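The structure follows.
Order of writing sets the labels: A, B, C and D. Residues in every chain begin at 1.
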Amino acid sequence: MKIKWALLSLIFTITTVLTGCDQPLLVLDPKGPQAKTLSDTIIFSMVIMAGILLVVYILYAYMLTKYRASKMGEDYEPPHEEGSHTLEIIWTLIPVIIVVVLSVVTVRSTSDVEAVPKGYEEDKPLVIYASSSNWKWHFSYPEEGIETVNYVNIPTDRPVEFRLYSHGPISSFWIPQLAGQKYAMNAMINELNLVADAPGSYIGKNSNFNGKGFAHMDFEAQAMTASEYVQWVEDVKETAPKLSEKEFNSLLEIDFVGRKTYSSNHLTFSPPPVGNHGHNPDEKDGKDASEDESNSHEEHNQH
Amino acid sequence: MKQLFPVSHVMGFVFSLVLSLVALTVVFYDMSYAMGMTILLITAFAQASVQLLMFMHMGESKDKVTLYTNIAYALFVGVFTILGSLLLLVWDI
Amino acid sequence: MKIDNSLPLEYSTEENRLKILGFWIFLGAEIALFSTLFTVYFVLVNGVGNGPSPKDIYELKMVLIQTFLLLTSSFTIGLGIHAMRLGLKKAMMTFFIITLVLGLGFLVFEIEEFITYVHEGATIQTSGFLSSLFTLLGTHGLHVTFGLFWGTAILMQVKKQGFTPETTNKSFIFSLYWHFLDVVWIFIFSFVYLKGLM
Amino acid sequence: MKWDEFFVFTHDPMLFAAMISIVLGGLAIFVGLTYFKKWGYLWTEWLTTVDHKRIGVMYILVALVMLFRGGVDALLMRAQSAVPENGLLNAQHYNEIFTTHGLLMILFMAMPFIIGLMNVIIPLQIGARDVAFPRLNAVSFWLFAAGAALLNISFVIGGSPDAGWTAYFPLASLEYSPTVGNNYYSLALQISGIGTLMTGINFIVTILKMRAPGMTLMKMPMFTWSVLITNVIIVFAFPVLTVALALMMLDRQFGTQFFTMSNGGMDMLWANLFWVWAHPEVYIVILPAFGIYSEIISTFARKNLYGYKSMVVSMVAISLLSFLVWAHHFYTMGQGVMANSIFSIATMAIAVPTGVKMFNWLFTLHKGKITFTTPMLYSLAFIPIFTIGGVTGVMLGMASADYQYHNTMFLVAHFHYVLIPGTVFAVIAGFHYWYPKVFGYQLNERLGKLGFWLITISFNVAFMPLFILGLNGMTRRMYTYSEETGFGPLNMLSFVGALGLALGFIVLVYNIYWSARYSPRDTSGDPYDARSPEWSTHSPVPVYNFAIVPTINSLDAFWYAKKNKAPFFEGKYEPIHMPSNSGQPFLMGVAFCFWGFFMVFSWWIPAIISALGIFATMIYRTFERDHGYYISVEEIERTENALRGDKQ
């Protein structure tokens, strides 16, 4: 047993030394309110879990040191023990309470991160379509009328609404320091709201395996002050080439490209999917699908 | 001849025909979606019970508790799979 | 082999009782299987793409004929088992033959229905909705087809060997299978066709 | 199809080597069997056997081979990621390797190992002479073997599946995964899955109907309980897999639109169906492990299992809950807060019954007399390590937080922390524990303990770093990463751990070899002074298991019989009815294997012919009249005397 404890503490020190010295872990180093909520939730749950582990380990160590055969004497015969109602109630009830607490925290934090961050509800969000194709990310700014590939610039202190979809297999859009991830899929739009507190360059990536080039599918998310951002948009509009349909299609075809910038976007000729969850825009709600069906019925009668 | 057609079986058959007819009303009468689904659910489960209990003799052997548990478990899994999937994939809540 | 004469022949040996229980549990698995197929259908029923919708292709008349055939066959196989318990071999075989013929009739109409669909351009490849529909109906139809072969094999054995613990056990289990197919059909009838036409 | 697409090894030296070693290995076995004239023995004693003990042994043998196959995969992956920008494996290889690693480890290692142990032990634990349907049991095994063979063939013929063991669509569709790899996936899993479903039915009936007189449900040993509940999960979860795989096959090979991106298909439906099955699946592999630990802990603490009733109730609760939580594998798919919250709460609820079990084990040790044998060491190590896996599972269960853990190494660490100390430790512990029952001698304790320490310590070295890597943003399934990510050192540490694990497993194999040669025979049949009925019969167990079926009047009846010096078996010998061997299950498995292979390549005519072959074996079975045979009283006496004669 001693060897094991020694080893565990060894691992622990090694890992803290290896990771702790230069930088905090990405997920626990939030740079925006959404990531902050998540990081707080994670740390809270870690503390609780550490408490649970502690209880289990103390009991465990006690049982193993106290009741080993070598200590119990040759003719010690363990008693028959059926179980104890009191104890059983204790170790059912306390976990139930813990789970209830965790549930409350979960439901709260989940609704928080799914909504526009607190304090920014009034601001007009910047909408960016982020779509993935074979190991690239395309970022289309519908209002600015520009598009980038494999990098995205956003203003700080302004809510950004990413609208995610994919031109192929499911991918997952993730900027660990700004917000949790969400899938980008082919036939529907998923929304991801985030705000960056501080200017800086953040790692963004696809975290959902989507084939051969998956490992290389990361991008840079650059948060800049509002004025810098406006300046950048102006620059792009002036200097970058237009994105033609032909060029866009060839972009979709190739496996990897570097960064690209365009002064128009693909949404005009290759519109994003319309549906939300449930895929079919006109029949979003399964419960009154039948009414919807009767509407579409007329059209179908033609054949 | 008569012993070949026990009353319970004949009744069961008639009953299932009647239930099918009742279910048919959802097509011929204009009614709300909820109403229609309620009728279908009731008639379908009633018919299934007729089959299971009357024709399949579910309660006749010593293992009947096992059989009921088995069917109940299957329904539990089936119902939650259907509802859960709809909740996740179709219903927009 | 111990034979318990107080029970019907199909339950009379331990092995027979094991088989009946085992088959019931298999039916539990079948419920899970069909529930999954229904899940797929319910999720995809609105996914008609460019193809026809349920209302475009379902025909009440065909469905009613199929329903009636299958309901009746379930009734007749019940009578068959009843006759078997009375020890009436000829009556039992007659009822079983009627059942299989009704089952065959059901299958003919179902295939007919499939052919009509395909003629209307509604194939299993057309849309998510049609893929799920054909798979659900097809799985049920395959079960019926399998049942026809199985039932025939059992009839041959009953004819040759008469009522023994084995043949009665097989016949009884077959009847469970057949009734179960009817149960599945009831749900198809209600939640595929009637709901679709509602 | 061109030849070099068919034989994928032609352009890859590593696969070429694998191919050669398979061919040579096969040849060696063939020559060996012929030389020693063992074909007849193999056929009559193994290939046609319906004896649950032998079927169990075959399951375990295949599972061990798969453990090494999957383990070599794991080593390759760890080696590849040990340093940044490593060139050992390219992306395609890495993708095929983690996919097959996941599939092999879960479906062809963990589950069959458990099924093997339950085959060997369950009839013995309930005082039965065989399972309810011995013939069906053989069919189950051969279908499993056919599936396993098929998946392993993919490695050299046609290419392995490469879309992850989860095979998410559209990635796994024909468009994005055009090799036959995912055809192997759908067919190999389908065939072995059908076998597993039949095992489920078989063991439910066996346990419900074939218990020795007096053994009521609440007097069953805990392993039997866990197996009963596991098989209930199997029966209701596997049909979902059957459907999902059938739809996958239809989509890939018959042009249907279930998971397509147009025409009304829905990619998310696959993920949904997959997890409806796969979540219960992970409890299928953990519950029997809980049962094994219960047996071992109570044996070596020399104490009855604490809180027996709550152990049973908690397992029933876990089995029900296991069907209600599948969406926790895709919280990030975009369903609403409401749906995520419901599944989140259901997920965390599983911590409660699992915790009850934890504390019951701990209190079984309380006032016990603990001896640290190899199986006990594994069981004791399970408690603290699995708890780490469990509580990190609860952390993943919190939907919001999972937005940050999902698809990362944190998740990979979680599931290895439950699967290895949970399932793998359990099957190894059970293997050591029940080994003498099957072979009549114990495995060497010193080697056993050496293996234990190597495995336990290395396990933590290999997987603890992954938690940290995950929190640092390292995603799973990345075949390479760049230097500046800073993932290098911890991955190297993890690789060292993986090497240690390999060493541990090599010691285990060596132990089997060493003990076969040098271990003294155990003549008592009950080497640990244990509690449950399997220890009351001889080791190795005679075909008929028990000459006289015991009567059980309490939990741990065998223990009390020993203590009170009361006889455990009462009555006199009677002729015993046994099922006869048959080649039909084996032939059916062969036919299924061919069918699957031809289906993979869409060679319809040969596939139809093989399907007819399958039907032929089924028709043969319906018309077959096989009443088994009887073992006469004289023969029982002879066997019993011989077995007892051994006892000096």
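Basically, a residue touches a chain if its C-beta (ideal position, glycine included) is under 8 Å from a C-beta of that chain, and two chains touch if they have at least 3 such contacts.
All figures in this text were calculated on a predicted structure; none of them were measured in a lab.
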Chain nearest the global centroid, as defined over all protein CA atoms shown: D
- request: If you tally contacting C-beta pairs, which comes out ahead, A-D or C-D? Let me know.
  value: A-D
- prompt: So, what's the distance in Å between the C-alpha centres of chain C and chain A?
  reply: 47
- prompt: If you average the CA atoms of chain A and of chain B, how many Å lie between those two points?
  reply: 43
- prompt: With chain centres defined as C-alpha means, what is the inter-centre distance between chain C and chain D in Å?
  reply: 34
Gap in Å, rounded to a whole number, between the CA centres of chain D and chain A: 32
Message: Please output the residue numbers of chain C that touch at least 2 other chains, ranges allowed.
response: 17, 21, 25, 28-29, 32, 36, 39, 42-43, 46-48, 195, 198
Query: What residues in chain B touch two or more of the other chains?
result: 33, 63, 66, 73-74, 77, 81, 85-86, 89-90, 92
- prompt: Counting only residues that touch at least 2 other chains, which ones in chain D make the list?
  reply: 208-209, 236-237, 240, 262, 264, 266, 268-269, 272-273, 276, 333, 335-336
Query: Which of the residues in chain C end up touching chain D in this complex?
result: 1, 17-19, 21-22, 25-26, 28-30, 32-33, 36-37, 39-40, 43-44, 46-51, 124-132, 135, 150, 153-154, 157, 166, 170
- line: Per the touch rule, the chain D residues reaching chain B in their complex are 208-209, 232, 236-237, 240, 266, 268-269, 272-273, 276, 320, 323-324, 326-327, 333, 335-336, 338-339, 342
- prompt: How about chain C: which of its residues touch chain B in the complex?
  reply: 11, 17, 20-21, 24-25, 27-29, 31-32, 34-36, 38-39, 42-43, 46, 60, 67-68, 71-72, 74-75, 78-79, 82-83, 86, 88, 91, 175-176, 179-180, 182-183, 186-187, 189-191, 194-195, 197-198
- prompt: For the complex, which residues does chain B have touching chain D?
  reply: 63, 66, 73-74, 76-77, 80-81, 84-85, 87-89, 92-93
Query: How about chain D: which of its residues touch chain C in the complex?
result: 132-133, 197, 200-202, 204-205, 208-210, 235-240, 242-244, 246-247, 250, 254-258, 260, 262-266, 269, 272-273, 276, 577, 619, 622-623, 625, 627
